[in-house]
Amino acid sequence: MIYITRKASFNAAHKLSRTDWSEDKNAAVYGKCANPNWHGHNYQLYVTVKGEINPETGFLVDLKWLKDITNEYVVEKIDHKNLNLDVDFMEGKLASTENLAVAIWEELLPHIELGGATLHSIKIYETENNFVEYFG
Amino acid sequence: MIYITRKASFNAAHKLSRTDWSEDKNAAVYGKCANPNWHGHNYQLYVTVKGEINPETGFLVDLKWLKDITNEYVVEKIDHKNLNLDVDFMEGKLASTENLAVAIWEELLPHIELGGATLHSIKIYETENNFVEYFG
Amino acid sequence: MIYITRKASFNAAHKLSRTDWSEDKNAAVYGKCANPNWHGHNYQLYVTVKGEINPETGFLVDLKWLKDITNEYVVEKIDHKNLNLDVDFMEGKLASTENLAVAIWEELLPHIELGGATLHSIKIYETENNFVEYFG
Amino acid sequence: MIYITRKASFNAAHKLSRTDWSEDKNAAVYGKCANPNWHGHNYQLYVTVKGEINPETGFLVDLKWLKDITNEYVVEKIDHKNLNLDVDFMEGKLASTENLAVAIWEELLPHIELGGATLHSIKIYETENNFVEYFG
Amino acid sequence: MIYITRKASFNAAHKLSRTDWSEDKNAAVYGKCANPNWHGHNYQLYVTVKGEINPETGFLVDLKWLKDITNEYVVEKIDHKNLNLDVDFMEGKLASTENLAVAIWEELLPHIELGGATLHSIKIYETENNFVEYFG
Amino acid sequence: MIYITRKASFNAAHKLSRTDWSEDKNAAVYGKCANPNWHGHNYQLYVTVKGEINPETGFLVDLKWLKDITNEYVVEKIDHKNLNLDVDFMEGKLASTENLAVAIWEELLPHIELGGATLHSIKIYETENNFVEYFG
């Protein structure tokens, strides 16, 4: 079994804020991440798939296919967008990196399975100092 | 003459959008950067000062002082903020990296001169693929 | 289950040298790392914790809390210090990256458990070319 | 059990192309990676070994030994070389990163076992946007 | 005056070798870079332009335009190519990073002038350990 | 005229401390950098030379020569050493990055001139957040 990872990037706005909490409570729980006027990040997304090397092609999967799927189902929906307001698969969810990683896993899983590979992990850097990993 | 640089980081939301233009015109000029609901970046800021080495201390300037000034007059005003809405020194300016670099130069210049050093340049990475430099 | 990682940095001096060995034997085993007058590194520390996402906050843990614990119990004790001479939790241990990773695990474990999370791994880069990981 | 990783680099040419396929078929399957006149990469190789810390030395293994083995059996054979034409352990294999990771695992495994450590993984970055991992 | 830089990447094969020298002489002058079967790199290209900020747009230039010009006139001609064999603007030149920087300057200069900006520098990283800069 | 830069690395211990000042005064001026038991860094050194491209070789200088000179006259004297105690060209100087940059310039200048190139700058990263540049 071999593991292959493709990195993608997207720049998005968000805030950590529950709509059913007061601004004060959001500020108490989320600190400066609750700024009502938003802030944002250059997110880095690592999609890892695993499986056997295809003896005919020497590939686990075609990286161009993995890149295209990631772009179509994830990056185009969130790049230069607001995670709280613009992204269908984040609707009704707090825009934390944890929730984002789980949501991206769920978006990509069916498409990767259709391509005959197994999704292994979603890893997201929010800044160079913190990242989240989800293995399903 | 010696040059010393201190790096700082801040995470902010912005959009490229003139309030006196229609949404369509903004989209035509600024593309996805004009998304009305904002997007954001992990900005990296490099402040470079120059001057003579102080023979008593072996320093050009105390880097802690340079860090503190940069934090007080710049980072605390823009980190986890919206460049279009929350930042006094960006009021009335389009939130491009070019304008941001010039504005940060103007914010820092008097404080750095008070400290006896000469401001040489402001460099800002908006993403890992593009950056702006301003030398006054 | 989700995994979240926080990066910290510290700059420290050390040498690889057993006090019960001669300088020659230390040099034979540890090479230039045994230089009696010390050398040093910009260490990078990655603390990874795991657990369930709290449905109320959207967080696994508050990253500020993880940062504060790491600073209080680790970084403040070793940053700008000598690993062989100044650090209580390294006393009597050879200052290898392996031993440092295990010692930092032991320092952080009780505090992270008190916070309701599970410590997953300690990863330390000594240089950009080598790093150690410990999973308990 | 502790894990230690050593990074190495090599610059090599390759193409993705089966000698028993036509140029057209190779182009259809491998795209621009099939360019008959080759292209190349700055590969980054991470070799991870695992085991117990030796209580006498504080080391899992001597990193200099791990570096020397990696250089002798891998880097010197592929650095500034053509993966398709010049490298004995890639003979008859398509020069994909997947196949390269498996081949390097097989090259290093006996030497690392002789040194009393356990090979844990081979990780290769082909570009900053994609990498492969193999765990045997 | 403000300076703005756009980074691009390309992966190419090359060798340092004069066709009018023997293989031995090439090896004596260029060492392992003269390997007859080629080697390659992940090159990183930084294109810097300078000028006044356009008060209407807040831009020096539209970075998308700078990216498109760089892709059309440079990256598409050299990415996944052989610098010695496949690239029109390197014909008859030794494929050193120095010569490549000068050739890319000459390729981009007329297109950047047409766009109303001034080309300031071409910077190329061949590896993470060496780079070349050309200012015309 | 073309500029070419070679990066080198070294790991060293130091402290900021004047031997003719009390420990208290050193602590007051240099903060935690004055820790009597030392601390250390992974320094990164960039040596930039400039000149004309040699039309016979396509090179400004042979990078191997630049690497060898930098290693012989700088890196071997300071890597895994104590900048205050072990390094001849730092004797009697406070071990600041500013002073180190000037001292390395003076060490390398005659050797680079002998090689027919012009030394343009010495740049030293002490950490990823601060660096010094010296142009003579």
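In order of appearance the chains are A, B, C, D, E and F, and numbering begins at 1 in each one.
Everything below uses one rule, namely that a residue touches a chain if its C-beta (ideal position, glycine included) is under 8 Å from a C-beta of that chain, and two chains touch if they have at least 3 such contacts.
Since this is a predicted model, take the numbers as computed values, not measurements.
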Given chain D and chain E, the chains that contact each of them: none
Taking all residue numbers at the chain B to chain E contact, is the shared part over half or under half, that is, same or different? different
Matching E-F in over half of the residue-numbered contact pairs, the equivalent interface among A-B, D-E or B-E is B-E
Greatest separation from chain A - chain, by CA centre: F
Counting only C-alpha atoms to place each centre, which chain is farthest from chain D? B
Taking the mean of the CA coordinates per chain, how far is chain C from chain D in Å? 29
Roughly how many whole angstrom separate the Cα centroids of chain D and chain F? 33
Rounded to a whole Å, what is the gap between the Cα centroids of chain A and chain F? 42
Check each residue of chain D and list the ones that touch at least two other chains. 128
So, with touch as defined above, which chain pairs make the list? A-B, A-C, A-D, B-E, B-F, C-D, C-F, D-E, E-F
Contacts from chain C onto chain D in the complex sit at residues 16, 29, 31, 93-99, 101-102, 128-135
Residue numbers on chain A that touch chain B, as the complex places them: 9, 11-14, 32-33, 35, 37-42, 79-82, 85-86, 127-128
Mind listing the chain F positions that touch chain E in their complex? 1-8, 53, 57-60, 63-64
